[in-house]
Amino acid sequence: MTPIRVTVWGENRHEKTDPPVAARYPDGMHAAIASGIRSHLGQGAVVRTATLDEPEHGLTEDMLAATDVLTWWGHIAHDDVDDAVVERVHRHVLSGMGLLVLHSGHFSKIFIKLMGTTCSLQWRNEHDRELVWTVDPTHPIAEGVPHPVELGEHEMYGEFFDIPAPDELIFISSFTGGEVFRSGATFRRGHGKVFYFSPGDQAYPIYHNEHVQRILANAVRWARTTRPDRTLPQVRRAT
Amino acid sequence: MTPIRVTVWGENRHEKTDPPVAARYPDGMHAAIASGIRSHLGQGAVVRTATLDEPEHGLTEDMLAATDVLTWWGHIAHDDVDDAVVERVHRHVLSGMGLLVLHSGHFSKIFIKLMGTTCSLQWRNEHDRELVWTVDPTHPIAEGVPHPVELGEHEMYGEFFDIPAPDELIFISSFTGGEVFRSGATFRRGHGKVFYFSPGDQAYPIYHNEHVQRILANAVRWARTTRPDRTLPQVRRAT
Amino acid sequence: MTPIRVTVWGENRHEKTDPPVAARYPDGMHAAIASGIRSHLGQGAVVRTATLDEPEHGLTEDMLAATDVLTWWGHIAHDDVDDAVVERVHRHVLSGMGLLVLHSGHFSKIFIKLMGTTCSLQWRNEHDRELVWTVDPTHPIAEGVPHPVELGEHEMYGEFFDIPAPDELIFISSFTGGEVFRSGATFRRGHGKVFYFSPGDQAYPIYHNEHVQRILANAVRWARTTRPDRTLPQVRRAT
Amino acid sequence: MTPIRVTVWGENRHEKTDPPVAARYPDGMHAAIASGIRSHLGQGAVVRTATLDEPEHGLTEDMLAATDVLTWWGHIAHDDVDDAVVERVHRHVLSGMGLLVLHSGHFSKIFIKLMGTTCSLQWRNEHDRELVWTVDPTHPIAEGVPHPVELGEHEMYGEFFDIPAPDELIFISSFTGGEVFRSGATFRRGHGKVFYFSPGDQAYPIYHNEHVQRILANAVRWARTTRPDRTLPQVRRAT
């Protein structure tokens, strides 16, 4: 099988203005995410990165057409993402491009557009311990992952998480405060496959965690569609 | 229990320009839909109608705030629906208003916004016989409905229907040409409940069919949420 | 609508041999469960009880035929339940009787038979605090319930819970130890509706909790099928 | 990746007593099924067969322990399958062995045990044309399959099919008589993955159809679990 063409998209703003984030992720969060995927997939993937401040956010038509799976991390600048680019990404997802939406990406324009809901949730940033439990142990995204994955400190994301009922619920997290969260879930949209995964706040070194890296690599493999064409489902008059 | 406040929304354009449609539905398709719901729910519902050419399409903030369940039929004028009204309806659905999307409403702005997909499908308007089979016989929307419901002539809607996997698949239709369609399906979005039902083309007297009327009445009952408040799921900082 | 005919089935063994349980539930756990349902449904339900040590465990053909919804609590004596009675209950569920399976009933013969899996889980009985979070806020079973329901002390039930993916996941619990559990879930089987709800260990006064009582009453209402007949889905040769 | 170890199980009774079936499948239906899988998976699979009249039906503990995916075709002799073997197969499925249940296998002991329902359906054996439509076009089991697959003549299987709501509904069939059927569906049970596929009556040469062969080969690939161990989900006391 040919290598999976992955584009890791990062907002890359905290890294420029927040020294602790820059220290944690000296090349940007996107670089750490890309590195984790590369380390797990090796020759099985070709991983590029793109960021908000590039022209067209680095997500040109050509770039997307050459992308099997896109990962999306954004937080403080969702509104700066151009609507035309969001439309383009949406069209590519429905045409068969895989999409991984990460952490605060729950409030990105593209995720809200794909879900149809507010995508709101409860949160608290006070160094809770997060435990990520697998509730779908045969799912390929959970392959090789401990039960639970322990994240020593992380931002709390809690229910109610306003998303459609997932097609598959893979992970549920708990937090020190007793909250729970559907932290790993899949959704099929058009010809594309979407995975949301909540761990990954900029204030913690989550993307250096080997198990998180494994989950993202598994998800990249899962999200590549088996359809070689890249076509939008279309209305057609039957004869 | 207080009566369900139903608003039946109709595009009401074919009825003005297409004499056979006007003959079939002399008071408009919305009037026939409303009448069918009334006949089944009696004192259990207060049914009003609203149409595209009214100010704000008849869907003011006050009107929606006083609506438990909205039904939506549109076809040739989806683009004439004001985006601000679509946003308003969307907010009310996510806040707990039930929504029934009918037939060609699959291409309405509100349905596409709630689904996140193209909502495209295959079609052919050649008087196919449609059989509507129940595949979820305990669902309240299927209560009292024959298996199958036979519609002597109808427009064919066929797969692939580009929607998210439904929360509940209740009806599957077949057509003379051999096509199949997921013709009755539910989706929860935010605090609201959505039912899509495909029978109902303007060129056939579908809304005079007693079984179709029963299904719509059942769906109105199902779609009223049990939440007395009308609130949007909201992001909240936990303590 | 006629009152819902509810039969609350209890194993009723701990109550006879374990003084703290007897003190907590002087008339048996089944009596407390029945009382909670009655207090919420009032004239809307007729609630009877039956226990393991009655002839045919109190679940004769006539008794089941006159039952709209059966609730099941068992723990130390699953093996003492007669296989013929299990077959009978199974037939009635598939014919349209609602079933609520409570707590340690996850290992009952009837639940395993309906699920097809081991129904195993993780557990620890060390007075964890349990928080029951609603993840499907429009579901009628969650109506009127705080988010979360706090149970000061309870046995821990944790994932992986070996059940089929639920049709609807309504509640997720967390525990002091950080574990999570899908604590409220629905399953349709044949013409019947099944709800599993995990709170309810004999060592804690869970069935005296008003919110637990509300959930069980809501579930009774939900589990009554709309089908007036009581028929098994049957193979039939079509013509 | 190591080759998938497939065991194709066939009842192999019609072939011995019904000359037209023997003519259609001179080496048995199981041989044709095995041949189709081999032709699509090549070096990617090692395919063996086993039949009812072998000792332990050819499904010894060793045989199952060395099987990644088992396919099951039975029809007139479900009752002749030893309950101990059914228990053994059930244990292996829940431990991670994939299972494909074919056509009349809907009434096999193993399928009923895994589903928990009657698994009944409607049928008519009168040479209907069957069209198999894909409703989940991104699913790997549907890869490379025309929409629809046309089966010139086949037995009709119709709804209501008494199964739990599938985890994924991939195919829906229609028949000349206008009936519909959920003809391809997946279910996760324990650590195992199950696929039901309805085409395959002994009175028609269905397993010689290249598209049916492709679907079965795709399903074999899908059903192999990613878990290298073969363990039953087990109750465990947490500390």
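Each chain gets a letter, A, B, C and D, in the order it is written, and its residues are counted from 1.
The rule is short, and it goes like this: contacts are C-beta pairs under 8 Å (C-beta built on N, C-alpha and C of every residue); 3 or more make two chains touch, one makes a residue touch a chain.
No experiment lies behind these values; they were computed from the predicted model shown.
Enquirer: Chain C and chain A are one sequence twice: same or different residues at the contact, by the over-half rule?
Expert: Answer same: the two copies use largely identical residue numbers here.
Enquirer: Enter the angle, 0 to 180° in steps of 5, of the rotation superposing CA atoms of chain A on those of chain D.
Expert: Nearest-5 rotation angle for the superposition: 180 degrees.
Enquirer: Between chain A and chain C, what is the gap in Å from one C-alpha centre to the other?
Expert: So the centroids are 38 Å from each other.
Enquirer: How many Å are there between the centre of chain C and the centre of chain D, using C-alpha atoms for each centre?
Expert: Roughly 33 Å, centre to centre.
Enquirer: Which chain C residues reach two or more other chains?
Expert: Correct list: 136-137, 158, 160, 165, 167-168, 179, 188, 233.
Enquirer: Can you check the complex and tell me which residues of chain C touch chain B?
Expert: 96, 136-138, 140, 143, 167-168, 188, 191-193, 225-227, 233
Enquirer: What part of chain D is in contact with chain C in the complex they form?
Expert: So the residues of chain D in touch with chain C come to 94, 107, 113-118, 120-124, 156, 158, 160, 162, 164-165, 167, 177, 179, 187-190, 232-239.
Enquirer: Any idea which chain A residues touch chain C in the complex?
Expert: So the residues of chain A in touch with chain C come to 129, 131, 133-137, 147-148, 158-161, 165, 168-169, 172-176, 178-180, 182.
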